[in-house]
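Listed below are the structures to be examined.
Shared chain: subunit A. Partners: subunit B in the first complex, subunit C in the second.
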Partner chain A sequence: MKRFHVAYPTTADEAAGLLQTDAVIVGGGTLTVPALTRGELNTAHVVDLGRLGLDEIVPDGTVIRLGAMVSYQQLITSALVAERLPMPHRMASGITGGIQIRHQGTVGGSACAARPNSDVPAVLVAMRAEMLLRSPAGTRRVPVDEFFLGAERADLRRGEFLTEIAVPSTPPGWTTGYYKLKFAESSWPVVTAACVLPPAGSAEVTIGGVADVPLRITLPETNRTEHTVAERISAIPTERRWSDLRADARYRARVAGEIACRAVRQALAARGDQP
Partner chain B sequence: MSGTTQPWPKTDGFAYAGGTASFVDDLRPDGLLHMAVARSTRAHARLAKVNTAEAERVAGVVRVLDGREASTHLKPIPYAMGDPELIGARRGHPFAVAVDQVHYPGEPIAVVVAESPRAARAGAAAVSGDYRDLPDDEPEVLAENHFRAGDPEAAFASAPHELEVTFPIARSTGAPLEPRGYLASWDEDTHKLTVHASHQQPFALRATLAEVLGMPETAIRVVVPPVGGAFGIKMAGQPEEPLVCLMSLLCRRPVKWIETRAETMLGGAREQVHHVRAGFDADGQVVVFRDDITIPVGAEGATPGWRQAYVTAATLPTAYAVPNVEIRSRVLATHQPPWQSCRGYGKETAVLVMERTMDLVARHVGLDPAEVRRRNLLTTESLPHRMPSGYLVDSGDFPALLTKVLHAADYEQQRASIVSPSEDGLLHGLGIAVEVTPEGGGHASGPLNGRQPTAAVPEAATVRIEPDGRVVVLSSVTNPGGGNETSLARLAAAELGVDRGRVTVIQGDTDLCPPGTGNASSRGTAVGGAAVVLAARDLAQKLRETEGAERTEALSCTRTYRPETLRSPQETVAYRHSYPYFSSGAYVARVSVDPATGVVRVLGLTAVHDCGRVIDEVLVEGQLQGAIAMGIGLAVSESSQFGADGALRTSSFKEYLIPRANDLPSFTIEHHETPAPGTLLGAKGAGEAGVGGAMAAVANAVDDALAGQGAAVTTVPLTPPTVLDLLETRGRQP
Partner chain C sequence: MTELPELPLTLVLNGKEVSATVDADATVVDVLREEFGVTGVRAGCRNGDCGTCTALVDGRSVKTCLQLPGRIHGADVQTLESIGTPDHPHPVQRAFLECYSFQCGFCLPGMTFAAITLLEHTPDPTDAQIRDALSGNLCRCTGYENFVRGVRRASRLMRETAG
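Our next item is the complex of A and B:
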């Protein structure tokens, strides 16, 4: 554990300039601050994004722009999010840790941490979000499918930080579902499933916590979800299967089909179909 | 119910709930230094050298001390709870810091003292060891215990039915909200060492420190501030206790050490494997019970932790009248962190094994688990009952407990109405457990036969009345946060006929309070409370004798009390003093199991608890609520896990999953009072009971839910992957 300097930039340019060093970026801090306190993260420089004003939720045509510092609680209380992003809204309502964590933790921070079993990555992949990254060289737009490179590995280059997540609104007539499996109230998610169901055409379900990145799976027939998911999971190379001490890869593969079905059933029920 | 059981406000309740209680970490004397511990990263290695130079260069670091230097100042840590030979164990020489060999990951290799906690931690992180890994060795046998009754071989030869099953139980811990912490202040002028400690045993700590530091006990004062939970881990014998004192002596400044959560999580206990063989007849009458137990207790430590292994073996076959019994246990030293005392103190695992066995017998003979228990429980006529280990079950009414809990849980009705799987696809099950909890101090047991005798340990109290009428109670018992000061106060107030508001209770100060054991073995009220009552009675007598005289000085009386050593009337041989009273309980759990994910949810938990005479119902219920929650956690989610490199993987509450309120149902708790014949008030203990009962009832309920769908439950915790494995191995019923 070393002493480190904390910078609080107030503009994106200033932040981009500060990130030329090997700095740890703090968003809400629910992951980084405890790790810094415990000496698990060692750095000489910390850049806290809390004063950049990146906490706005702005509608822009068919997308909703979420500032990188938008908290889970903002998603929960925003009428706009409840109406136009029902799946992220539902996801935020199930965040573990109580009111303090929901206010402190950020959607953008969870995305950048890229933990395979966290709620946010699979939801953003399901929603086909776009990530806006800022660096002194300018702004880079990365489709979320390309953003998650591996376990705890996001496409963030040196000096880059996330400023915004552009999430396409769920169009009228489309429905969604989100189901997460965890082992106790205090537990991080183990396996998650996020379903998007269009009025016509194939549904999609995105599974978190099974591979090192979220897996978006097209479901030509929703009554064969379990089978389709099992087939896709069996094709994951061994080295890309996810396990942690809550559950091994075998358990995750066993339950993923059922977890997917539960998310699909929610989406079907939201449409008024008999699941 | 007794007249004293009207609820009283818990005297310290607002301070704890409102955040105004001042814990040891809130004490910040002038000149305070902070200590951090550098710990071994290896499980078993020669320690050629400890590199401290880099730590010494960290800004703010004042002093770094390794094991070699510590060994010139400190003696080995004495065993905190009597000679190991008492329980068939060999004697070791646990030392506070590794000198030339490390025995477990997390063993202290150096301590660092600095001007801030952060600098101390940075210094500790900068310490490294030159290790040479040692080859895997056979675990060393610390103790072997053998208890026998009747003729097990003959009984097996003639038993119409038998079953054989292996029960592996995971390592788990106590996890108090407030971790351990000590503040040592050496006063060079008075040559007195004052130690503020979040601790259960101030007098044992004082004795330990005197021996390790080579100081007279009179030069040491231990003060226990409000404690935020203990559950056993705050007993004496921990390496950091003398180290923080030594650093204060060397630096001549106050030094504080506050354990981190990751350090707390190194502690643990309960891990064991039971190979059970039971013989029984077609009516479900168990005629013979054999258990071969292997208990890895981690590296050898000086705390009472590893003694729990003895208690597990000695508590079998719990509440049941089994004529032929053979229990063998082997206690092994391994390269994991040393066991610490954990609530239940070994009794909870014995209860789990016995209760699972009773259910398996019931299934084998096709009877309801309640009926099999009725046929095997000790009856009131058979009490007091000498167990194979020499423990004496003093009192209780186990059949009545069972009847009462089945009624309270509406067992028959629930049994008849359960639809499993229910419409939502969940499997449902009901589980019963009967629990006995030997308590009151005295874990060593057995017939004397020329062996070292043991005696009941007393508690003491001073009750004083000031000229203005205020009453002060000074007790040898300490309060781990559960609130026993309230029951001590109400006992004194009742004897003296004064209001509660006039009574102040002082605990946990070795300079002020009369000596005793502190907080251990569920004896705060039953033993400590009895001493308060005796002292208050003496004081009342003195007041009556001097009635009418003008009082200008305080009047004070001090009494000690020790529970009686009971014996069974027919006995001809003498036994050691062992646990003087047994609390008991019966439990019914209702669970659902999601067969697709293996997730277990506890939907209902009903308990009937017999702690003898209830002195304060609110406090007893509080103890039981916590113990039941812990038992449910142990049944479904709590497990200390280590990686292949030996390092702890469950170092935070994100990995070590204790239940939160919304993981738990509301509990239904009733009382049943059979007075303890060996205590003044007829009270037994509360605190340990409930852990084993709830754990076993939940395990049985999960097994019931899986019946016909999967293999039998033989392990805890029943995590979702474990439950799915059981469902996959359908049809392999033992």
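Our next item is the complex of A and C:
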């Protein structure tokens, strides 16, 4: 294992200044620290954001601002998140890894890792979040749809780090659902589905774990969800379909419709409809 | 800012202030064991899966194999050493003993702190909540059922004492 230096900046300006071209950023540490331990990430410089204090949840008009270091446990215990971001709240409550990982894993870190089958990416796409990226040049705001470029590839340029995720509140009268397929309690998700249901107009469901980035799909009729999802998935080019050791792309495509239906049924039930 | 291959570290460990200069690129579990001689955290998978490196850092149960040492600078760290004594075990420890929850004990750091954290916030948990709370810890001896019983019993013990 290559030895590395670790910097613990205390301000965003200092962090932006420290991010050299080969620096690895440690947020919650749940992905990066084991990769450093195993020597899978080789770097001479690590910037640990642990002293930056980017861990606040702040309401700002119709938006909830989540600091990049906000943990899953903070989402779970926040009354504000439970009330105004019910889907991310539900997602956090189902994170794999028990209490410790919920204390340590961060929403921002999962977004930056951009693993296709993780819980966070599809939920942020479903919520139409905005990502705030800091560099020595200032702050760049990126709609989440443009943030996920591919599998494990987020739009983070050299010297940039994520400071905040701005998530629009779910308005009164709107309901949501989140469902994921995993094979065991301790498993990573295989396919995820996040549904947003407005009081009028079309529902949307965002599917994770099928393509290299989350797919947001408009559902003109919720009773044809499976059909609409299947159609959309069949149009994904082969090289953008996602396979990993848990399941291949064909399996993912086959189950996605049903997983989408389960998320949609939750949103319908939350509205009081008979799904 | 600190940027050194070695890192001066001061923290409160199990109620006592301690200091050392440690490798900046070690993980906290190794620092606690090698520098401070604390064996109540153990190095298991080093991947955040097994939970046996669990400690309380500023009151939050965390897996210390996922942390670089600067994260505990100035922190209050409690390991299994600070929880109960043979004569006066913590109610969670007493319940684990009474329910034969464990055999070899390797998994106890994670199991004990996960249970303590759960019962702090949820004094009377459902079985589903207990299983969910323990799910970040691997035990290769028991098959987990007796840990679930143990947490249920600890919950009763703690509520009786509180009542």
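Operating definition for what follows: the second predicted complex is superposed on the first by the 274 of 275 C-alpha atoms of A that agree within 3 Å, B and C clash if a C-alpha of one lies under 4 Å from a C-alpha of the other, contacts with A are read in each partner's own complex, and residues count from 1 in each chain.
The definition used in the following text is that a residue touches a chain if its C-beta (ideal position, glycine included) is under 8 Å from a C-beta of that chain, and two chains touch if they have at least 3 such contacts.
Note that the structure is predicted; figures quoted are calculated from it, not measured.
J.: Between subunit B and subunit C, whom does A:Gln100 touch in the aligned arrangement: first, second, both, or neither?
T.: second
J.: After superposing on the shared chain, does subunit C or subunit B touch more subunit A residues?
T.: C
J.: Would you sort A:Asp155 into first (subunit B), second (subunit C), both or neither based on which partner it touches?
T.: A:Asp155: touches no partner chain.
J.: Applying the document's definition of touch, where does A:Glu185 land relative to subunit B and subunit C: first, second, both, or neither?
T.: Both partners.
J.: So, does A:Ile259 touch the first partner subunit B, the second partner subunit C, both, or neither?
T.: Once the two structures are laid over each other on A, A:Ile259 reaches subunit B alone.
J.: After lining up the shared chain so the two structures overlap, which partner does A:Leu36 touch, if you call subunit B first and subunit C second: first, second, both or neither?
T.: Touch status of A:Leu36: second partner only.
J.: Just to be sure I read the superposition right, which of the two partners does A:Tyr251 touch: subunit B = first, subunit C = second, or both, or neither?
T.: First partner only.
J.: By the touch definition at the top of the document, which applies to A:Ala7: first (subunit B), second (subunit C), both, or neither?
T.: In the superposition, A:Ala7 contacts subunit C only.
J.: Which partner does A:Asp145 contact after superposing on A: first (subunit B), second (subunit C), both, neither?
T.: neither
J.: Which subunit A residues come up in both lists, the one for subunit B and the one for subunit C?
T.: Correct list for subunit A: 1, 3, 38, 185-186.
J.: Can you list the residues on subunit B that touch subunit A in the complex?
T.: Per the touch definition, subunit B meets subunit A at residues 59, 118, 121-122, 125, 260, 262, 596-599, 636-637, 641, 649-650, 653-655, 657-660, 662-663, 719-721, 724.
J.: Where on subunit A is subunit C touching in the complex?
T.: 1, 3-10, 14, 18, 26, 28-30, 33-34, 36-38, 46, 48, 50-51, 73, 77, 96-101, 103-104, 185-186
J.: In their shared complex, at which residues does subunit A touch subunit B?
T.: Of all residues in subunit A, those touching subunit B are 1-3, 38-39, 181, 183-188, 190, 245-248, 251, 254-255, 258-259.
J.: Could you please specify the touching residues of subunit C with respect to subunit A in the complex?
T.: Residues 1-5, 7, 24-25, 27, 46-49, 51, 54, 60-63, 65-68, 70-71, 73, 110, 113-114, 117-118, 121, 131-137.
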